[in-house]
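What follows is subunit A paired twice: with subunit B in the first complex and subunit C in the second.
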Partner chain A sequence: MSSSLLVALAGQPNCGKSTVFNMLTGARQHVANYPGVTVEKKTGFFSLGDMRVELVDLPGTYSLTSYSLEERVARDFLLNDNPGVVIDVADASNLKRNLYLTIQLLEMEVPTVVALNMMDVATRRGQSVDIAKLEQLLSVPVVPTVAKKGEGKEAVRIAVEHAHAEKTVAPFVVDYGPLESRIDEISAMLAGDPTLGAQYPVRWLAVKLLENDHEAEVLLRRVHSAPQGVLDAVVLARAGFLEGEGRDIERHIAYARHAAAGRIAREVVAVEEGRGRSLSDRADRFICHRFLGPVILVLILLALYQVSIVFGGWLAAEVWPLWGGIETFVSDMLPAAGFAEDPLVRSLGEWVVKSMTAILNYLPIFLLLFAFIAAMEDSGYMPRMAFILDRLFRRFGLHGQSTLPMILGGVYVGGCAIPGVMATKAIPDERARLATILIVPMMNCLAKVPLYLILIDAYFPQMGGLAMFFIATVTLFMALPVAKALSLTILRKKEQAPFIMEMPPYHVPTMGGVARRSIERTWLFVKKIITVVAAVAVVIFVLINFPGLSDTRRAHYAAEEKAAIDAFMVEVDKTEYKGVITHDDVLGIILFDEALRQAKVGVTDQAVSDTINERFDTANPVYSAVVRRQGDSGRTLNRELRKVVSVRKQLRREMRTERFEGSFLGVVGRAIEPVTQYAGFNWRINIALLSAFAAKENSAATLGAIYGIDGSGQSVEESMKQEEAGFTPLHALALMLFMALYPPCIPTSIMVRHQSNSTKWMMFSIGYQSLLGLLVATLVFTGGSMLALSGFQAMWAFYALCVAVTVVMAMIPSREEARAASEDGKEPCKENCS
Partner chain B sequence: MKTGFCLRNAQVNQMLKIVTVSAEGELGRRIRDLGLIPGTECKVIGKAPLKDPVALRLKDFTLTLRNSEADHITVAALED
Partner chain C sequence: MKKLLVLGLLSGLLVLSVQAYAHSPLMSCFDNGDGTVTCEGGFSDGSSAAGVSMIVKGPDGNALMEGKMNQDSEYTFDKPEGAYTVVFDAGEGHGVVIDGANIVE
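Showing the complex of A and B:
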């Protein structure tokens, strides 16, 4: 008979919990979120005899009070999901502190197995642990492991099996000294209730209630028949204890637990004198040095930039043929193209696939970015980075750990807001986390760059480098004041968390671990984003293509199409192909021509090229003769064919532009022109900007479509300048700044919703950035025009303004700082303590 | 043992012993959870570029905290 067993994996941060998780479950893992919160829930499976074990990785917590989200999640799981066994991973080299959590688990009376991990580190530091003694003191099985090397896997499995078979739990009792009588009193009241007594550990609940634990109170109200009586008794007991002992109960309980942990640690750990974690300490002397630290930080970030963006960009280009191949493959599967208009299924299909490949194109960059982050996380550098930059970022309502999301978003040039927003997960402070989520999309992501390049080439050709430097750095001076402004206003009431955190010893990251995490996160990203992008692409397609051309316009284009083909046929009839090539063949020849070109893309080898030619020759000798200029007739007709092809391109472009203009999006573009004209945007620009919402690359692509990049041989820059004769560098500057502040693209918006766990914040993020962008563009354009500034002058005037605002914003104290400052004078150090 | 002073004012590499922890609520809990309780020995091993936050070394591990958090902790210098 097979059965199943639910096992929870608990442990403090940095104890090697996820390594133990991987050791036990191997590749059979599933990542999701705990219901309703953004805390990641990893589930894995392994079998124990004929039993199927489901292993749930609880968030790493130092304690099991219910204050932080992670602790609440961990405790709710232990209490409500009734795991059969809990594996508590404890860091052997840091036993005392780790036992603090172990003791709390044991107090909850769940069957526990202690996996004493990182035994090798403890040994290296000259510490030896008396396992048998520890088992005896805790009265639960203790298994030494070195999860990194897979040592102790079998022993843990056997211990879990035994713990499950035995079922009886001998609770670990902490001696709370003077509090004991009050615990007994509350326990008795709780045990009196028949359901509660059977379902929950009574002594644990009594201690929690005395600790003034809010969640425990909620639990009591839910399950106890007369909760008010108990709560009144708790209030009395708390007041009585404070009066009698002179310290509050929370403090007393924590101290008692620490004392118990310390006593056990002293009994089981033998330390060889004179050996510490000297290597990490020595490394920190440089890495966290006041002057060297920031230098090393910049070097590491440069390396990150170089590896993921530069090398990743190269890799993306190398991988592109794969995505291009998918595009071609899908095109081939879809109904064939028409002369001037394609079947709807084809254009829609191509559009959707292109939208997805545009994102997939970044996959190599994501893989490298995620690998780099995983390596940084595993090495222990992240907390150091937060340490070095915290004071600076705090001035702007951010957090030391806001650094990474901003780097990923593209703090200079080239990043992506999606992994940036994803990385905000690590920021413990709710207010700073939201502020970071809201400014990451303002960074310069890779997809904004094409538009910058077009505009700079067209309007700042002489000062291209300076203009690029301007847009690359001004974003930071816009983002920082905005972050401060947000945290002083709408984020004012959000919870702040203490910064206090552990700086774990450095570890050399393992290839396997880094690769696994990088692939895991990339896959998560692909799954989440691609489905949504495909759906959204359909919507955008409808918005920019419908209602479509009127019948009269269609007839007009059909007539032009016919004229071109007729002209070609006149020439055909002059050659030997008269009667062989008919009206209906013309489109066929054009597509044949395109297919041949497609087949030869990237082919440099003459022999390969010859084989391709041969293949096409046998496929259709007549078409091939025209396309490959064989014989006099072939040459003449090829010349004529070029004319038809050029007319076709021209027609397609005109029709697309006309369709755009008449489309729903085009109508909106025109409708908002009265507002956007102050920012220097006409309706054509509006359409390009609106289409960029799906993905920012679209802005450049849409401009290309509007101004026409095909056929004429002109670049977008040239045709844009030609068609927008009234455009000045000031227009271009306003447009660039708007693009910098552009609302997050759809995949990023989805990520914002995911990380803030609220649709409201996503809408806010989209709304405020649109408004801010319009405001800044209007300020620069209208202001610049009124002061008669050139684009270049306006650029640096604006830069100076941004830097000034940043400096001013840095000086404004936050609510807490202001309060602290007013108290500071009276009482520099709070001393009324236990 | 000399009299207690605020952790913010501690010198780098000075051996210290925690005398009192006055923080309440969440901050108090976090400080206690990490093992910063009266009687614990520690030393400041470094300060960030802008002198805030500080890195504090306990027996088996290192932690960092902001000066505003260190204000809740008073320490005394250990003679050695």
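Showing the complex of A and C:
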């Protein structure tokens, strides 16, 4: 009978798992372990004799204990899909760390084949592995492979076939020392249940329950006939162990596994004399140096900033004509514009396209940013960076790997929360990951900057540099305490993971690999964001344009329109075009004028320009005469046309503002004024802030729309100052701080939902940030007013307060630290990165 | 100690970093054919350029004319005699410069 076999491919990140996958299935799959890519289930097929093998690539995980999404996905698959064989890919050059996962797989009693990959790297580093000894210690087949060269493919296939045929599994038993008696006790209770004992590995489940593993508890409740009795015994055992041994069971178990992995590695790995410290290790002496390390880190970050933001910004401007071209193209497709009002299809269509091109404009920045990050990952620097910052971040409930998300989010001015939140996927520690997701939006993303600039220019013109420094740095001093506060409160119960990161040897990244990954990530971003943005744009369009103007106001604007056209017609009738140009032609001439200008954008050659002019002359000689000032009549009418055009633009501006203020969003802005007044925000600012939620960029444009409506030629800053006579620098300060803390834009919120995998967390993120922003703004505004502080004084008083809170928060021990400040969880890294 | 150092260095970085912006500045200029030139400004995200400083510079870099974008994000000036450049100055490192020779009718 031809049969099928389900095989799972497990392994830690960067062990070459995907390469093994490709080797076995022949599928072209790319190799990556960045946010999310491997979370999707990759499946491939190959045949063993007449057996069809379905190979499922599990997400790369360091362990199967904590609750990161990847680990949960991997474990659920192993437990529930009952793969016939598991191929565990282990990096031979990093055996000890890789064995940590192998041991956990063996504890789950699944038939396992170890593919000892990257044998060539191990050999190059002067390490040899005693395969026979390893097989004996683990009691499973071990096959050496060099997957990228296809070496060991046949041997793995044979081993899988054998493992499947034998079916028996000799469980690998980790000696948990003082915990053993308690494991036995729980195991006995579990084995007593007939279904559970037959279906699931009992010892494994007992250990999991003692580890306080929530999923194990769920499993127990589902399959055990009397779960409560077992759970009570577990609680008792945990309490007893903590009292007796003075430390958590979780830690104890992790150390026992590490110790077992270390013991095996010592027995089977032999290191050639004199090769103990490789070039990478020597480099690490500087790169992970106590003082030099941070200096190098900052220099690298500076380079990252220069490349992606400064150079990327320039590149974005160079690429713009492409997006501008799309806008024009779509505009041309849509129904023609009206005088003061456009057809709904046109305004909606233009709005949606505009919303998308605004984001597409960032593409060059993202491409460069992602390429730089891919280069840092491939070179092996990223884990070192995480290591350097881990101790600092730990104090605030974050993780070494929170570094990247915070950089992307804009730890220094200029980032974007969307890739920032996306990058949190790499953080293995659930608590730190959520804390990072929740604070990344507080970083200074690019989009917040225009508003800062407007406010600083208007209210702190003398101390612009200092004010910019204030807002750029204070956000970090607000975010860190918030992260700590969150991890001490609502995130208290979330799983933590010890800092285990591989320190792979350094190597020079390949152009192809970096480019491919950068394009892939950018594409992921584009796909996710563009669809979301399009949908959101439609909603926002409705919110800011409806219910629309009343009939009386419409009539008012129609009258102004008519007056402007009539005035133009009076002039027409004085020229040779009397009777040729009629009322109905006026809009046509205006659009003709616009089209001509559009056609000439970017043209720098007079000859090319002349060709365009000729084309327009032929298309409509009369219109062209007016637009291109031909003849006396043309010149006269051109002057008059300018007046009409100016009236048209003014009417459009006024109508837009009026529509906006009377819109659904405008009504909400007014409704919340009683609350926001304590933060110094009036309804106009409320509207700007509400629209900013759609995308932060809107804030500056909205303020511009609100304050820039008189035709005086004043700047937004000036007219804002004039119109808001009572508006002081203190108001501006409160507004800036609110902007800094205020929830991310809608695309970011959607990314938060995606990464936290819960709508609840998204709502929480929006809610707590709005509230925090409002509280801080109120504190600064009301507090500053009561103490009669100037905006500048309040600014630095608040800064001092934030720094003080940060220092205090750093001192507060976390739940675990308070309970057991026993051992250092970073043991493996210390060893590699001293 | 190391923590403080890292924090200090990060803050130092913040000071060094030049201001970055949310959008690309855009400007196109047209010779109106009547001895004046009109420049239309804006930003890639559709923000208005109203109030942005405009400078028309002579060949030696001195400012011939200075002004601001009006409410329609336009700036019209009398075309200078000789060579000139138009600068759309939306802040440090965030502007557009167009050579007068490239502004055609």
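Of note:
Convention: the second predicted complex is superposed on the first by the 548 of 834 C-alpha atoms of A that agree within 3 Å, B and C clash if a C-alpha of one lies under 4 Å from a C-alpha of the other, contacts with A are read in each partner's own complex, and residues count from 1 in each chain.
Here is the rule we go by: a contact is a pair of C-beta atoms (placed from the backbone, for glycine too) under 8 Å apart; a residue touches a chain by one contact, two chains touch by 3 or more.
Here the structure is a predicted model, which means the values were calculated and not measured.
When the shared chain is aligned, subunit B comes close enough to touch A:Tyr62, but subunit C does not.
Contacts of A:Pro674 after superposition on the shared chain: neither subunit B nor subunit C is touched. Shared-chain residue A:Trp320: touches subunit C; no touch with subunit B. When the shared chain is aligned, subunit C comes close enough to touch A:Gly602, but subunit B does not. Counted by residues of subunit A touched, the larger count belongs to C, out of subunit B and subunit C.
Once the two complexes are overlaid on the shared chain, A:Glu250 sits against subunit B while remaining clear of subunit C. Looking at the shared chain after the overlay, A:Thr473 reaches subunit C, while subunit B stays out of its contact range. When the shared chain is aligned, subunit B comes close enough to touch A:Cys288, but subunit C does not.
Once chain A of one complex is fitted onto chain A of the other, the partner contacts of A:Gly579 are absent, as it touches neither subunit B nor subunit C. By the document's definition of touching, neither partner reaches A:Pro194: not subunit B, not subunit C. Residues 290-291, 294, 388, 391-392 of subunit A lie in contact with subunit B in one complex and with subunit C in the other. Within the complex formed with subunit C, the subunit A residues making contact are 290-291, 294-295, 297-298, 301-302, 305, 309-310, 313, 316-317, 320, 323-324, 354, 357-358, 361, 388-389, 391-392, 395, 411-414, 446-450, 453, 468-469, 472-473, 476, 597, 600-606, 608-609, 613, 628-629, 635, 638, 646, 649-650, 653, 696-697, 700-701, 704-705, 708-718, 810. Here subunit A touches subunit B in the complex through residues 62-63, 65, 67-68, 93-97, 100, 250-251, 254-255, 258, 280-281, 284-285, 288-291, 293-294, 383, 386-388, 390-392, 394, 400, 497-505, 816-817, 820, 828-834, going by the rule given at the top. Listed in rising order, the residues of subunit C touching subunit A in the complex are 2-3, 5-7, 9-26, 28, 30, 32-34, 40, 44-48, 50-52, 68, 70-72, 91, 93-94, 96, 101-105. Chain contact summary for the complex, subunit B toward subunit A: residues 4-6, 8, 20-22, 26-35, 37-38, 45-53, 55, 57, 59-66, 68-69, 71-72, 74.
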